[in-house]
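Letters A, B, C and D mark the chains in the order given here, with residues in each chain numbered from 1 onward.
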Amino acid sequence: MTEAADAVETGRIEAFSDGVFAIAITLLVIELKLPETKDGSVWHGLVHEWPQFAAYLTSFFIIGIMWANHHSMFRSIVRADRVLLFLNLLLLLWTTLLPFPTRLVAENLRGGGTNATQAAAVYSATLTLAAISFSLIWWYAVRGGRLLAEPIGTSRDEWRSIGRFSVGTLLYTATIGISFASAGAALAIQFALAMYYLFEQVRSN
Amino acid sequence: MTEAADAVETGRIEAFSDGVFAIAITLLVIELKLPETKDGSVWHGLVHEWPQFAAYLTSFFIIGIMWANHHSMFRSIVRADRVLLFLNLLLLLWTTLLPFPTRLVAENLRGGGTNATQAAAVYSATLTLAAISFSLIWWYAVRGGRLLAEPIGTSRDEWRSIGRFSVGTLLYTATIGISFASAGAALAIQFALAMYYLFEQVRSN
Amino acid sequence: MTEAADAVETGRIEAFSDGVFAIAITLLVIELKLPETKDGSVWHGLVHEWPQFAAYLTSFFIIGIMWANHHSMFRSIVRADRVLLFLNLLLLLWTTLLPFPTRLVAENLRGGGTNATQAAAVYSATLTLAAISFSLIWWYAVRGGRLLAEPIGTSRDEWRSIGRFSVGTLLYTATIGISFASAGAALAIQFALAMYYLFEQVRSN
Amino acid sequence: MTEAADAVETGRIEAFSDGVFAIAITLLVIELKLPETKDGSVWHGLVHEWPQFAAYLTSFFIIGIMWANHHSMFRSIVRADRVLLFLNLLLLLWTTLLPFPTRLVAENLRGGGTNATQAAAVYSATLTLAAISFSLIWWYAVRGGRLLAEPIGTSRDEWRSIGRFSVGTLLYTATIGISFASAGAALAIQFALAMYYLFEQVRSN
């Protein structure tokens, strides 16, 4: 639609992404369903609907940590081109989609059985795709010091950094498999992972 | 998902939080239900649905004052670390959740009885958790002048400041109890509290 | 909830308000209902649902012009205190509420009769309350040059400025009355007013 | 509603537009419907609902590329007046509306027949109107170097730039016609166009 749009400064990519993260994290609430209520059953109804709150909580902290990590990453990335913009859109695609598998899990977890498994696997797959997008952005930015303020070091150093970055991707991929053993366990591990990534970084301060 | 993300500047925490507050305050409207209408009954229907407007109004001003206080607080806080980021996410968790108990109150207040009580208690508990998160942020930032531009003073001064800050937490905790006496009274007190916090600060100008 | 929060810079009030305007204008779309469809009836259904599109269009441009005017106003206002913050929240209250009367009009306009009248009157009243909030902000900021970069002039000049500002308020109040004569006419006049305010200002460039 | 609001700096138009783009792209998810589920049917249900995901994906990347192009355009545009503001609102109107025709396509594509055709034509028309708005903004800004930092060149150069800019408009107009031949083909072409515009610009880097 436009002519000659070359380098986009990272500032506006960050602002746009921040907006999307803030909206996605806030939109999660509209997927929560009110409990059916007969007299005196509000609390009982809320407790009965625990899977939707578990899914809400997990997705909330995952989007929160994604926002924080996105920020960390873009403190190193100082140049942007259209490939980065596309990879970033890919990351935002899975982020904005997340409320949907969250609802899918909320709806199907309690029933157990194959539906709970499949819903958890779809949820895990979405997280995995987001993690892959993160790795792709970092790989693209780091290789040859393409978009960084200063190169990380030797090619070997670059790959080590990309490798460390991609551990999360492997862990999220593993939760797809775990979903087939136990949907609840997959969700619990994903919640624990979000907490770990939050505090692992506290320790490194 | 990322490597070595240490101190996050408060600027981006503030921008993200501002976004979440703005979205949460605007999303409240989609919980409002259209009145059932037979001919000439629009006004009657709206009046009949007064609890949803009372809950809307209360939540609107509470999120508004939370935004204003968040801002005040972050004028003193100039450094950020991952613990602050986590505590801030905790505050945003209760803020983004607020439309849900708002709807719960809107749906159950008019019926009265145990459901109204339980809904109001859940609403009050959410506000209390938000107030506790505020206190935790202030406590964490103030202690030892950890994240402030300049220390507040002696350890005694610090605790006095944290104490003054935590009065709101006690008041909101009290409304949980009041919900059991009268759901409507709890809501009215919460609305009054929001107004007080708005104008108490006017006087101190 | 917080201690000693005195003057709030206008910058953050503007950013917060901008966010709320942007979200309110974008949220309007989720109130639009898909037409019932039998084969080949999509267009017919859309045409049949014209009131929701008329209401959407009117509210869209009204929020757009409110955003533009808010911006104009805050180019003159350089200081902020808690009263201004409260008056601004009041303005945002009616803005964020607007999707609700929009839906009310969309739902009741075609049926005609008393419901259409009442829905249009509620819609007009919301716009009037927003206009009043605008006038209050300007009155509060202007009087005695309280919050302006430089005073407008004599007290007489100030009142003239406030007066000119309040013409819109009178016009919107008039549409409440017009709703009782014709709901459609009230909506058409409000749309025309939004367009006028957009282009009147073009001429003054 | 306000007095004397002349030139609006582009900075705030950009920030407001960025907000609207970010919200519109994130809101798309709430139009996605959960599949009906009997045991073991989650995946089957998701596959069966493929049109809503195809429509989601297309709209997501179209809004993404619109955001990127808007940004490119406003790097050249350095002045703003009320006409530009109006034309920009027009562009945002079609952008914020997009979730509605997206839902219309999602609902009617699989059924095929006249409804699929009509839904795709409405979707294509919305994209065309957005493309026309883009062209209008560029035409208005470029003519006589009105709002640019530096004029593009001769009047002939200006028209060539506007012409190049308007190719997209013609292509989107063409997809309205293609909808009548095949709704699915129209959607596929629109998706391909979005990808082309993303990467055509990569090559020009």
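Assume contacts are C-beta pairs under 8 Å (C-beta built on N, C-alpha and C of every residue); 3 or more make two chains touch, one makes a residue touch a chain.
Just so you know, these numbers come straight off a predicted model, no measurement behind them.
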Q: Treat each pair of touching chains as one step and give the shortest count from subunit A to subunit C.
A: 2
(Q) Between subunit B and subunit D, how many steps is the shortest route if every step has to go to a touching chain? (A) 2
Q) Same or different: do the copies subunit B and subunit C touch each other through matching residue numbers, with over half of them shared? A) different
Q) Where centres are the averaged C-alpha coordinates, which chain has the largest centre distance to subunit C? A) A
Q) Which angle of rotation, from 0 to 180°, maps the CA atoms of subunit A onto the equivalent atoms of subunit B, to the nearest 5? A) 90
Q: With chain centres taken as the means of their Cα atoms, state the distance from subunit A to subunit D in Å.
A: 26
Q | Two or more partner chains touched - positions in subunit D | A | 15, 19, 23, 27, 30
Q) Considering the complex alone, what residue numbers of subunit A touch subunit B? A) 15, 18-19, 21-23, 25-30, 32, 34, 37, 39-43, 46, 56-57, 60-61, 64-69, 71-73, 75, 131, 134, 138, 161, 164-165, 168, 197-199, 201-202, 204-205
Q: Within their complex, state which residues of subunit B touch subunit A.
A: 1-8, 12, 15-16, 19-20, 23-24, 27, 30, 81-83, 85-86, 89, 92-93, 96-100, 103-104, 107-108, 111, 113-115, 118-119, 122
